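In the two assemblies presented below, chain A is common to both, partnered first by chain B and then by chain C.
What follows is the complex of A and B.
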C-alpha cells in the first residue's frame, strides 16, 4: 500500500472512522422526502399514457373532479401560464420542447397526462382512474432499429437522430484498418437499465405568500435543483429554497428535477396548497428516465505483435422520447482509447429518439467505452495468440510515457492503469489459476479469469459551467464547535464524515466537533453536489482551503493575545498553544467567544468572527485508474455464473476514508454484476414495458456478489489534497471484467455473444452450440411501420409567413441577422450570426453570451463557407459549411476530432 | 401503488368466513399471509370489494397427524412449517420446498395454504402437493369437498376452487418407508420463482421403484405431473434405470413458455438435465 499522507500530520484522513450519518440512518431517523408532512398537504397521483405513441383526442376530468377527497385535476393547459422550459442536463437548452405534462401527443407508456391532487394518495389514485383520455394510437418506435427506419418520434424534427457526431468514413483510418495484419470487429450491445435508487423520486412543494417557495426533493444537489426550478418555471423573481436532507441513492437519475417534479412544483403554486408526490416503484420502473441501451460496432487493427494500429467505433444510443439531454455520449469516444497508445482513431456516434422513457445518466454514463474496448482486446489476444495481460501491457500508456496527450487532446500526466495491473498481478497467481482451470475442464467444470483496466475522468471542471467549482463555508461557532456548509450532497456517500475528517485535520480540532451541512440550498452557495465523481476532489479541496484560511486566522488571533509569533502557534485537538511555552494556551471556545463578542481585542483591523468561505476550482480533469480481475465458474448444466473472486486494484489518489472508498467500489461493481447477469428494462413491440416490478426487474442480491478484494494502489493527484474521484469506477470497469471472465470460462465452446445481460439462456446457447431462442418472438418489430423519408429527401418547407409574402430579392442574399442553433455534444448551442456580403466575399460575426467572434467567408451561390478558431472549451478550428434558402439555412460545422455537428438557422432581421 | 377501496372483515371462525364469502357473491378475496395479495392490491391488479382476513381463525393453523396422512392448516406460516418437528419427520420434502419459498422475512408471514391455493405455476408448494398426491379440503356454506391437488390447478393463478370456497386443510398422504425425495430448483436468485423446478418422491422396495410422484414447477401454466416418467419408473429395478430416457419422458409432459427470464427451449434443455441428475442423485446411482 503506497498511499500518500496528506499535508501535515493526518489524524483522521485515511482512517476508517465511524460514519457520522450511520447512527441516524440505521436507527431509521433519516429524513427523506416522504418523511416530510406539512399542514394541509395534498397528495398527487399522475394519469399516465397507456400507449407509447399517439395523439391525445380528448381528456375528460369531470368524474375525477367530483371524486371524494379530490381538490384538483390539472392538465397541461392548467400549467400553461408558466411557459415552462424543461432544461437538459447541466442546465443547457433542450433540443426539443419538453412540457411537464403531455400536451397534444404522448410519446411513451407512462407519459404524464394529468395530475390529481387529493387528500391522500389512495384517493388521488382512485380519482386518477376516473380520468378518461381518448387517444389516436400510432405505431410506436421502440428499438434502435425502429428509430433508424420508423416514423418520427417528434413530428417537428426531420429525423429520429437526436444528435450525431464524428465521421462515418475517415479515409486514412479505413486504409489503416484495411492494411493491418490483424483486424478485429465486434458488435457490443448494452441493454437498457433502470437506476433503481432505493428511494424513488419525490417532491414536496410549499408556497409561502407571493414570492417564496420551499421545495423538498430527492436530488443530487439542492442548489442545482433550486436553480433548475427557478429557470424552468421562468420565475427568477421567486425565491426558491430546496431542502434535501437524506437521499436514498440517485445514480444519475436525480441530476435534475424532471417532468413530474416540475409539474408538482407548478401545481403547488397554482393551487396554493402544499403538495406531495412520491414516485412509486411501478412509476419508477416505467416512467422514470432510464439508462444505457447502446450498441457499438468496434473495429480495431493490430500489428503482428498485438500493438494497436487504428480503430473506428460506430456507436448508437437510445435517447428515448424525452432524454435529460439529447445525447450521443461523446465521452464514450473520448475515453475509448484515452489510456492506450492508439495511433489513429475515428468514430461515428448517434443518439436516437424512440417512444420509450427518456435517457438519464447512470453511474459512469460513458461506461460503454470500457466494455467495448476491454472485450475486444480479449478477442484480439485470442486471435493473435497472446495473453490478455500481455496485450494490455503492450498498449497501455505507462507512467514512463507521460506526460502525453490523447487523440482527443486530453493531457495525461499521472494515469496508472498499467501500474495498477502490475500491482494486481502481485496478488493473483495466474499460472496456478491456469493449471486449476485446465484440471477443472477435464472434470466438466468451467472456470474463467477476466481482466480489465480503465481510466476515468473525475471532478471535471472545464467545459460544463455548473461543474466548475465547489464551495466550503466553515465557521467556528461561539461554542467552539465547528460548522461547515458545503455544496457537496451525500446520496449515501458519507460526505458528512469524509468532509469532517478533512476539516478536523486541517483545522486541528476533534472530528466529533465538526458538523457538516449540505442539505439546504438557502444555507450555502452553488455547487453541482453529487455529479461526475467530484465530491472528494472538489468538495475536499474546498474544505482544505477554507479550513486553512480559518486556522490561519485563529493562529493570528492567538498570537496577538498570547504575544507570540504566529508561526509558533499550533491548533491541536481544539486547543491553541505556543511551541515551547506550555503556559500559553487557549481553548478554541475562548478564541471564538472573543472573536464574536469582543472584537476590540482582535488584532487591529481584523474582521470580527471566525467564518470563512473558499470556492475551489479543481484541475480541469482528475483521472482515476484501475485494473480488476475476476474469477468465475460457469455451470455448464444451467448456464449460471458464480463469481468466485474479484480483485480491484485502484488508484483513487489520497483516500479520505478507506471504507467509503471500498463501499463506492463495491456498490459500482454490484451494479456492474446486475448489468452483466440479470438487469433488463425491456419492451414489447407496442412499447409496453415488460419488467415493471422487482419480480421481473432483477437486481443483484448479496448472494450474487463476492467479497471483493481491494488493493489500494494509490498515487496522489494534482488536486488540493491529492484526491481522485472513485464514485463511478466500479460500474465502468466491472462489466468488461466479468464478461471477459465468462468468455474465458466458455472458451472451449466458442465465442460468447457480446450482448448484455448474459442470461442463463444466452450462456447455455454457447455451451449447447445451438439456438434456444423464443419460439414466437415476443419482441418482433411491428408489422408495418411506414418508413420516414430519408433526411436528404426532405424538401425544405417554407414557413407560412414566407409563403404569403415572398421576398424575391432576399432569396439570393445571406445578409442580415440569423438565429443559429448548433447541435453539440453538450446540447444545442444557440447564438446569432450577422452576415454582410460583397461579391463573393462575406464578413460577419457570431454573437453569443460569451462573446463575439468575427470571420471572413467565401460565397458560392447559396453556399457560404468560413473557418472560426475558438479556444473554449479547447483549441479547435470550426469549419462552417452553410446552405441558405430564403429565410432558412442548414449546414454542418466540422469541429476537428469531434466530427461534424448540424447547424440550423432562421433569419430574424434583414 | 395504493389499493383501490375495499371492505375488510376478520372473522374468528371458519363458519363466519364461509358465510361472508357466500354473501359477497364472488366479490371477496381471502387474505392469508398477503405476500402475493398485498402487492397485487397495491398494483390494483386485484380489486376486491371485500377482503376476508382469515388470520384470526385459530382452527386454520397447525400441523396434525392422522392415520395415513399429515394435515396442515392453511394459515400455518411457512417458517412455522420449516421449524415443525412433525413435518420434519413426516414430510421432509415439504420442508425442503418451503425453504425455497421467498425469503426468511416473507416466510414469517406467508402461509402454506396461501401458496397452495394461489396456484402460481412457478411456485414450489403447489407442485410438491401435486407430486405427493396431496388434497385440499374446501369448505363453503354449500358444504365441504375434497379436491386432489392434481385436479386443483387449471392455469396460472386459476384453480378449481369456487369463489365462495375456503381451503380449511391440506392433507398429504404418507409415503412408504424407503421413499427418497427429489428436489431441485433453478432460479435467478435465491428466493425467486423457478426457471426450472422439479419436486417429488420415489419409493423404493427391494431394489425396485414401487411408486413415483414427480412434478415440475416453472415448466408450464400449472404445476405439471411427470406422468410418463412416473409410469416408466414404477416396477423398474433401480440399477437398470436409463435416466436420460426418463428425463426425456419427463420433459415431454411439460409445456414451458418464453418469458422475461428464460426461453422455453432453455427450460426444456435444463429440465432434462435437472431431472436426470436430481433423480440419479436421489437414488444414489452414479451415472
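What follows is the complex of A and C.
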C-alpha cells in the first residue's frame, strides 16, 4: 500500500471551507459566455434541417440577406477554405467526414445548414426563417434496429456499424455458459438522454491583431478548446486564446467544441467581426449532441452457490449521425466485471450510426456496465435463492484478494467496493426493513430496497494522450500573495477552492492568500480540464508537487538569509520560522520581495523569483469504489416512485473538501434519478425530436430527491496526495441502485422491464399485468411509413467484420504502399503499409507517426495474414487478416482481449 | 415592429428606454441594462434561472415582456446585497450550506427565496420547498438548497417535500 507522506500541519484539506467561487456567483457577478459583449458584435442564428435524412437540393439566402439588421448569411461553401474536419476528443480525424455546416446532405433534424449574423439575436432568427432550403427527403434511420437493417446513414461507408469490437461467439465461453448450474440472461435498455447543463453551449469569437483569435466559450477546458480550434481549423499558425471564466455545467457535452462553435469561429474569421452564438434550449434539446441510448444482452453463469463462472455481453450503442468520437464504448466491457471474481468473460460491442443528433459523453459514459451487472446480479440472486447482499459478498474482489487483475488485465491493488458494502450495512438495518416491507405489503403498500456496488476509473493517464498529464504553475507574488494557474477547470466543481486548500497546506500559507486561475488558455499549459473525474487526482497532484518545489525554494532562501539549516525552516501561516530560534522569522512577502527585487541576496546560483511549474502524470488509473442502497415506496395506484432513503458509502481516498465530494455525488445521483424515472429524448418515426422543451423533457426537481446520507471511507490512492476522483460516480451507481429498489418493491407483481425510464406507465404495466402504453411511434420501423421513392444510395449492409470476399483477380497484387485505417476503440488510426511479395511470402512494414513496425506474412490468393507484436499502450499481438482487390483492401485485426477491429485501405502507390 | 417608451426602476435606479414590443424582460435586463446576473436557462418558464422580483413578486423574466414592466420596480440578484455590501440572508444561507456549484441557476433560486422571505415572520420551510420545485438545478442534487430553505423557512425538518 501507498505510504502516505504526512502533510505538515494539514489545516485546509479535509475541511468544509467556504468555496471561493460562491461569493461572486451568489451576487450574480460570475462571467458566463453570454455575459461577454464586444464592440460591433453580431449575433448568430442557425438555419437547421427540418428533416432527418436527405439531400440538399438548393439553398436560397437572398431574402434573408435583405432582412433588417442582417450582416451576412453563410453556408458550407463560405467556410470551405478552412477544410475543417471535426476531430474526436482524442484529437484524431473522424471515420466519416464531418463539416461544421451541412454540405450536400443533412443527417438529422437540427443539422446546421446555414448561419445568419445580424445585429441582434431577434433579427438573426427573423432572417434565418427567410432562408429557403429545398431537400430531397429520404427515409431516416432512427433506432438501433433501423441502423442494423436500414439504408446507410453515411453513403461513403459500407455499413452503419461505425465500429465493432470483441467476439460475437467465443466457443470456450459458450461452453461454460451452457454447462453452468445457473444461467441468467437479461436485456437492459438505456434510453437516450440530454446532458442538459443549465447553461447551454455558447461561443463568442473575436479576430483581432495580426492573426490572433480570442474565443470565449462555455467549455470543460479552455486549454482543450484552444488546441481543438487550432487543429480543427488547420490554423496552428494562428494564436488562439480561449477564455472561459464561469461555466453553467457541462457533464460531458462541452468536452470539446463541436460543429456550431467551430462554424461560428470560422465565420468570425471570414467576416472579421466579433460574433456571438448562444444556443437556446430548443437547439440544445434537438441539435446538441446527446448521450446513452444503448442496449446490452448480458448472459451470466453461476455455480450452485451463486459464484460467477462466465459471462458474455452483447452491446449496442447509438452514435447518432455525427458523434464526438465514433464509439463502441469499450469501457463498458472493460469495467463490467472489473471488481468481480469473474473466471471467463467475452463481449461483442458495436456502435451504430443513425439519423439522430450525435453521441457525446455524459457523466460516466460507460455507466451501462454498472446498470447491467447490478440488475442482473439481483435477478440471479432471486433465481438462485440467495440474498442480493450475499451474491455480492461472494463475488466482489476484496482487499484480501488484491493485488490481482481484472478480466481485461487491469491491475487492482486498492479497490474497496466489498468493504464499502459492509460499512454501508452498519448504517442500515436490513432485517428491520424486511419486516417493515412485509407488513406494508399486507396493507397494499410496496416498499423496496436496492443495492449496488461498483468501481469507477478516474484520472486515467495511459493510452489517451490528451489525458496524460496536468500542470500547475504557482508563484508567490512580490506582495506575498500566492497565485496558481492550473490546467483544471471548474464548471461547478469548485477547483478554485479545492486546489487552493491543497496549495495552502503544502506551501504553509493562509487559504485566503491563494488565488486559482484556470480560465484562460494563454495563462497556463495544456490539460484536458474536467474529463474523466481527473481534476482532484491530476490537478491535485500537480498542485502538491509544484507547492513542494516552491516551499523548498522558500526554505533555502530563508535558511541562507537567517543562517539556518534548511531542514529546520518551517513555513506556517505565511510566516517563515526556524525551529528553536524564535527570533529568526521572515514574512513570505519579505522573502518574495527579495527573490524578485534583490536576487544578489539569494543563495549563489539560485534563479531569481518565486515561481515554479510542475507537470504531473498521475498513475495509469485511479479507482474509486462505492456501495449504495436506497429505499423506495411505489404507489400501486399511480405508479409513482417515492425515494425514502439513499445511503452512499464511498471511498474517495484522501478527501479534500467533504461538501465538494458530497456535492459531486449528490449531483450525479440526481442525474441518475432523472435517467431512471423521467428523462427521455424521443423521436417519431421520421426522426423528429418529440421532447424539445423542459415541459416535455422532464428533469428531477427538488421534490424528486431525498436527503442523501454519506459514509466516507478514505483509502489513500497511489497518486500524489492520495486522492481519488468522484465526479462521475453518482451517475454510474445511481441507476442500478434505484432500479433494484423498484424491482424489489414490485417483486410481488413479477419482474420489471429493464428499460429506462421506468415511468409511472411502465410501472403500472407491471402492477396491472397489462400493456397501458400506445405503441410508441418512434419505435415503428421506417418501413411502416408510406413508401417514399427508394433512395439511390441504399446498399445491402454487410456484417461489419465479415469482409466481403471478392472474386480472385489474376492481375491483383498486394505490392506497393497502402493508406490504412484501423477502427480502434480510441477512434480511427491512420497509417501506411508497405508490402512486397515473393511467391506466397510477404515482407512489409507499417509506418505511422509513432514509428515503423516490420513484419513477415503469408499470402493465400487475395488473402494476406501476418502478426505484429506491439508494446504500446500495452503488450499485444495484433493479428492482421486482409483481403485485397485491385487498389482496395478490407480486413480485420484481432487485438487480444480487445477483440477485433475493422481495417480498410487504399493503394496510394504501386 | 412597434417601439415603446418605458420607465423601469431596477435595483433602485430609474431606467428610461425605448424598446421593441417583443423584447423579453430578461433580455432587457441583461443586454440593455447590464444586469447579467439574470440568467436565461430555458426561455420557456420552466427552469427558473431568470427569476427576478417585480413589484415584490418573483416572476420569470423570460415570460414577461419589457413593456409589461413599464412603471414597475424590479430587483435582480445584483440588487440584493445589504447597504454594507454584505450578502443577503438568502445568499448567506446558500453559501453556508453549499447550495450552489456552477452558479447558473443560483440567481433565480436566490430571488424566489428572497421574495418569499421578505414578509414579516417565517414563511415556513414547506412553502419555500414547494416554490423551489419550480427551479431546476443540474449540479447540486438540491441538497444544500433544501438545507438553506429549511433554515430560512424556520427550520422545519422532515421528509423531502
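Criterion: the second predicted complex is superposed on the first by the 869 of 910 C-alpha atoms of A that agree within 3 Å, B and C clash if a C-alpha of one lies under 4 Å from a C-alpha of the other, contacts with A are read in each partner's own complex, and residues count from 1 in each chain.
The definition used in the following text is that a residue touches a chain if its C-beta (ideal position, glycine included) is under 8 Å from a C-beta of that chain, and two chains touch if they have at least 3 such contacts.
Everything numeric in this text was worked out from a predicted model, so none of it was measured.
In the superposition on chain A, A:199 makes contact with chain C only, not with chain B. When the two structures are aligned on the shared chain, A:251 is found in touch with chain C, with no touch to chain B. Once the two complexes are laid over each other on the shared chain, residue contacts for A:691 go to chain B alone; chain C is not touched. Note on chain A: of its two partners chain C and chain B, the one contacting more of its residues is C. Of the two partner chains placed by superposition, chain B and chain C are both touched by A:122. Of the two partner chains, chain C is the only one that A:669 touches; chain B does not reach it. By the touch criterion stated above, A:768 is placed in contact with chain B alone, chain C being left untouched.
In the superposition on chain A, A:463 contacts neither chain B nor chain C. In the superposition on chain A, contact is made by A:28 with chain C only, not with chain B. Using the contact criterion defined above for the overlaid structures, shared-chain residue A:18 touches chain C, although it does not reach chain B. Judged by the document's definition of touching, chain A residues 122, 280-282, 693, 695, 701, 703 lie at the interface with chain B and also at the interface with chain C. By the touch rule above, chain A contacts chain B in their complex via residues 121-122, 125-126, 129, 280-282, 637-640, 678, 680, 682, 690-691, 693, 695-696, 698, 700-701, 703-704, 759-761, 764, 768, 771-776, 778.
Taken together, the chain B residues at the contact with chain A in this complex read 1-5, 39, 42-44, 186, 188-193, 195-196, 258, 260-266, 269-270, 273-274, 277. Residues 16, 18-19, 21-32, 34-35, 37, 120, 122, 196-200, 246-249, 251, 280-282, 491-494, 644, 659-660, 662-663, 665-671, 693-695, 699, 701-703, 705-708, 730 of chain A touch chain C in their complex.
Here chain C touches chain A in the complex through residues 20, 22-23, 30-31, 35-44, 46-47, 49, 76-78, 80-81, 87, 91, 94-96, 98, 100-107, 110, 129-130, 132-146, 159-161, going by the rule given at the top.
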